[in-house]
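Right after this note come the structures.
In the two assemblies presented below, chain A is common to both, partnered first by chain B and then by chain C.
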Partner chain A sequence: MNPFKSPIKWLLKDTPLATRNEITPKLGFALVVLFALVWLIPFLWMVVATLRPASDGINAMAELMPNLKPTLDNIRDAWDIGDFPRYFLNTTIICTGILTVQFVTVTLAGFAFARLSFAGKTLIFYLFLLQLMLVPVLLIVPNLTLVAKLGLYDTLTGVMMPFFASAFGTFLMRQAFEAIPTELEDAALIDGAGVFARIRHIYVPLSLPSFSAFAIVSVTSHWNDFLWPLMVINSPDKRPLTIGLSVFTQTAEGTQAWGTIAAGTLIVIAPLLVTFLIFQKRFISSFVTSGIK
Partner chain B sequence: MLLSRRLALGLTLVGALAFPAFAEGPTEIDLFFPVPVDGKLARDMGTLIKDFNETHPDIKATAVYTGSYDDTLIKTRAAIKAGKPPSAVIMSANFLLDMQIENELTNLDPLIAADGTTKPQFLGQFFPALSGNAVINRSVYGVPFQNSTPLLYINAEHAKEAGLDPDKPPQTWAELTDWAKKLTKREGDKVTRWGIAIPCAYDYCGWMMETLTMSNGGRYYNEEFGGEVYYDTPSMLGALSWWNDLIARHKVHPPGATPGPAVSTAFISGNASMMMLSTGSLTYVRDNAKFPYKVAFIPRNVRNAVPIGGASLIIPAGLEADKQKAAWTLIKWMTSPEKSGWWSRATGYFAPNMAAYKTPEMVDFLGKNPDAKTAVDQLEVAKPWFATYKTVPVRKTLEDEVMLVLNGKKQPKDALAAAQKAADELLKPYNAETALKLP
Partner chain C sequence: MSLAEGAALPVAEPASSRLPLVKRLSAAFKASLPAYLLLLPSLIFLAAFTYGAVGRVIVDALYQRATPRAPSRFVGLDNLAAVLADPAFTGAVVNNLIYAVGTVVPSMALAFLFALALSRTNAVTSALRAALFLPVLIPMVAASALFLFIFLPNVGLLDHYIGRLLPVLPNWLGDPDTALIAIMVITIWKNAGYYMLFFLAGLQAVPEDAMEAAYLDGAGPWQRLRYIILPELKPTFLFVTVIAGLNAVTQVDHVFVMTKGGPSNATNLVLFYIYERAVEHYDVGKASAATLLSLGVLMGLTALSFRTIANREGGP
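Coming up: the complex of A and B.
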């Protein structure tokens, strides 16, 4: 079917035959398209603002229509002001570092809460959940004091450390593990599998959607984190992307160069955006199957 | 690599402890700096520090970017509590009192005395209006570095169009209201050009309220003591009511609480004919305005008065002696006539060091850009910037309420009463500890 000839039909080609001629799904679809457009406008503005030459003046800044002579000046400016390759590297190290350790800790903790029985299990689990209620900002001073005492002030490890354990992740993995039939584990037990072998061969492979959902939540939140890295990091060469970007977006008394800001923002969100576009389907299905909506 | 560096550092430390005489290499210091103006200044700051390091081989300074003024306070406090105080900080001038109350600042008096200068000599270099935020209980705690006053910016082209003389800017609130009415353009009920815009976002909003209250004859807080604010007073009520009238009654000011960048963008794009904004934005306006513009004093209702703004250099408490000494060298260098003049020309802030205006570069610059002189002239009537115990939360109680008023959700009278109540609650412990403590 040619998508350009009848776009509506093409978009609805996967719907079940019975509902294809009903009006309600079409209305719903139109509503979704409308919301998508509203969501798209600021993004579109950012792209247009990035490519607009500064010589257009600030007057043109509010316009959504692209200029006929796009320029890469803004991107070059932003690139010059910030050492973006290094910022990218630092942010990647932080996100992957946190995620790797989190995978180990949340798997083990989730397994303990789902399948082991020990004294005070419920109480400890509630304490874990309680942690979800705390705003991270509240813990800045105690966390920083600890990080400094461990000699990790101004290091990337110091930025990562407070997030090595995750209450949210533990909760999520506990839910996922509990949904796995115990018969599978019993069968493995009969075959003589130890605890780690059972986790490795039964629980982890069967909970992959939950793992990927958790990975998305974890990476996006640490990719975007500003205040905590700002507290820990002093050296310019250890700045993550958010701090590098804020060097030219945060103002108190002055004013802003919108083109450069738009370019910087685009540079910063591009990797996450591209990843999302590529793995879109898998992302959504992982959220659906893991129960986060 | 990280490990080997820490190892090397450890060895250096051991070496320094064991053989103090052989301890070599420059003293390493950190300077925390916020970027309260156009981000390209982060590069200018880099240039400044590089220049310092090249001329002072025994010191190695690193410029550490620390976010907004408010973020800088959080980071500095957290670093001090974690036992890693920075050597020097460019700190919003109105946070000094709060930090001094919390014992987070180094008293600079001994350092001044060690240089063989007296306090009056040292302070005599700077504009007298700046002392209010640098001197606490007769001791020096901060050195003025980049300072500002609010200004009235006028689009001269629009003024001429409306039959107004941009060389005779409005001097009173009545004249300003009149100008704003004449400058506002409407198509039916829709406004196509606003007469005036005044920013209201966290930090800026409190500063503008202080500006308006002062020109309405009032005070914002007790300048001598950190435990009292005067929100629920006739002078502040008059100020807030006038601001609200510009929006709700005269409809010459864009509705709602408008952040600073939106105000300057509206002015540059010609959507607002006048704005009240910091002199810190002057360089940006000069570079971007495609029309002739004028800057003028903030008009008065009762008297001409404005608060100062901007930042001072401080040394946190608890530093080792050698770092303290190096930081002091850096601070003196940065506030020297040449360097503070250079920074002023780059940013639009005025140079706090009076001698800066006698340097040939500055004389030349002012000849070409007479608008840079207005903020300096206005210093004659400038007063200290809002500073109390717990400055930021106390300031926010007012800002939250002012935003509600500007958004049309509350009446000025009720808003100020609520702000006063919330602020009094925050100031209670300090008052109990000081003003209400009886022998």
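Coming up: the complex of A and C.
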């Protein structure tokens, strides 16, 4: 089954070899349970350290056993040191800005590739494919020059702009649109619907699972992006979460305030973790489709 | 709306072969115009930030950037030669190679183990998958903040629980011998859950009847793994290798937060070198030359990944 075609459904299925439970001997399974526990330790430490009173001292900091008199002091301190509402706002602006423009660009381009025939189609298709090969992360230096030339240095628009077009998103939408029966469009054509009307009333509503998969991947990757905003942003009030957290960590590290660092990290990643726990399956399947992002 | 009309009709060129070439071309262009207009917004941004960027990297690599005293001047391949002769760059390449092998192999091995063990779908395996996938979601900067304390000498989590067993407590991030390993550990922790997803997807494509037949023929679990699953998953292994290889070059956030390339360049990776050259030394020529070299290597790697995707008919 091709997860590209139905990104949501496939994860609900057992893998065929598992149906007899032989390839996973008990020992291997126990080993993976152990790994999963180890994988959770940093998160566990984060929560325990956040709630630990500073009076416990630095040597108690590494204890994974929680102090039974938890305190919210660390969260309050972290909240006071870092400008978290501002960081959240900036990151939200960046992610929604990118996603909104991307929806327009990938829908239009995806439709052109899926449903129209035109001169030079193969060539232009390869141009899009080339974008995936050029590893955008590496192009930070020339792109910074361009952003500065456009007068967008130290602006959120400058952070967003290189991602307004998405070859990956275009391919994803092309695939989704191709799966829609042409009969539906023919009916709309007879009713006299134009290109935009057909995209809006037929293609977009019928491709919502692909849109949501793309949205999850796009938002997660730009939510977590660090290097590019680090280069573009200079003013403290324009920092996104990742830059804010790194500055915050450096400040608190100097004073050995590990409880505060844990609290700051918790503040930053809690919304992500909660969203993930609610939409777990959707997240996981979206990530599989994103293998070529 | 002419755009709507044009796109609505199939591209038909009645008797066009009798028309002269120019007319035929302009007719083809007219018929294609709606598609071009739909592609234009994407192409503008791709041209500016991808194709144009590659062009600018090539030009920048050939020039010495202007200083307050001297204008920019053409230096040919000097920047390239200077980068290749720079011990910081060659050191970064060596570090990056060690880092790539040291993260790709263990994280893939773990991911494959996870996928095999968690291939059944039930409440327990879902919870375990979620636990292993959690690090994928959080920013690398956040992961680094947590691991800063884990690796803290003497009082950190690692020394508190395991370090006591060692004769000497190493300064994990402060010692050139261990800093790169520490950086690798975070990367493995962060990525293994991601690669697990591809193996889970790949395992679903293993034909059930082949497994059944092998089972009936008396093949044990190891034999089925060796003769059916592994050959069946070869493309997945190749695909994940490429993704993981790319990650090893493009993920450097933890270097920024934890070590800044130190101590004594032990954790200096190629992308960090490029950033430092460009932003901290204003040496765009050298940064561009280094970018160009890495682009060449990575393009080959991604081209390989596309061949793999194509062979798998439609994706991972």
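What we mean here is this: the second predicted complex is superposed on the first by the 226 of 293 C-alpha atoms of A that agree within 3 Å, B and C clash if a C-alpha of one lies under 4 Å from a C-alpha of the other, contacts with A are read in each partner's own complex, and residues count from 1 in each chain.
Here, a contact is a pair of C-beta atoms (placed from the backbone, for glycine too) under 8 Å apart; a residue touches a chain by one contact, two chains touch by 3 or more.
A quick note: this is a predicted structure, and the numbers were derived from the prediction, not measured.
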So, does A:T182 touch the first partner chain B, the second partner chain C, both, or neither? neither
Report for A:S246: first if it touches chain B alone, second if chain C alone, otherwise both or neither. both
Could you look at A:W45 and tell me whether it touches chain B, chain C, both or neither (first, second, both, neither)? second
Thinking of the overlay built on chain A, is A:V141 touched by chain B (first), by chain C (second), by both, or by neither? both
Look at A:T100 in the shared chain and tell me whether it touches chain B only, chain C only, both, or neither; answer first, second, both or neither. neither
A:T260 in the overlay: touching chain B, chain C, both, or neither? Say first, second, both or neither. first
Under the stated touch criterion, name the partner, chain B or chain C, that contacts more residues in chain A. C
Quick one: is A:L227 in contact with chain B, with chain C, with both, or with neither? Answer first, second, both or neither. both
Which chain A residues lie in the overlap of the chain B contact set and the chain C contact set? 58-59, 61-62, 140-141, 144-145, 226-227, 230-231, 246, 249, 253, 258, 261
In the complex, chain A residues that touch chain C: 1-5, 10-25, 28-29, 31-33, 35-37, 39-43, 45-46, 49, 58-59, 61-64, 104-106, 108-109, 111-112, 116-121, 124, 127-146, 161-162, 164-167, 170, 175, 189, 194-197, 220, 223-224, 226-227, 230-231, 241-242, 245-246, 249, 253, 258, 261-262, 264-265, 268-269, 272-273, 276-277, 280, 283-284, 287-289, 291-292
The answer for chain A against chain B in the complex is residues 57-59, 61-62, 81, 140-141, 144-145, 147-149, 151, 153-155, 226-227, 230-231, 234-236, 239, 243, 246-258, 260-261
Can you tell me which positions in chain B touch chain A when the two form their complex? 2, 6, 30, 34-40, 42-43, 62-69, 71, 74-75, 77-79, 81-84, 86, 148, 203-204, 260-261, 264-265, 268-270, 277-278, 280-281, 284-285, 288, 290, 309-310, 347-348
Chain C contacts chain A in the complex at 1, 3-5, 7-8, 10-11, 28-29, 31-32, 34-36, 38-39, 41-46, 48-54, 56-57, 60, 110, 113-114, 116-121, 126, 128-150, 152, 155-157, 159-161, 189, 193-194, 197-198, 200-201, 203-208, 211, 215, 221, 224-225, 229, 239, 243, 246, 249-250, 252-253, 256-257, 271, 274-275, 278-279, 284, 287-288, 291, 294-295, 298-299, 302-303, 305-306, 309, 313-316
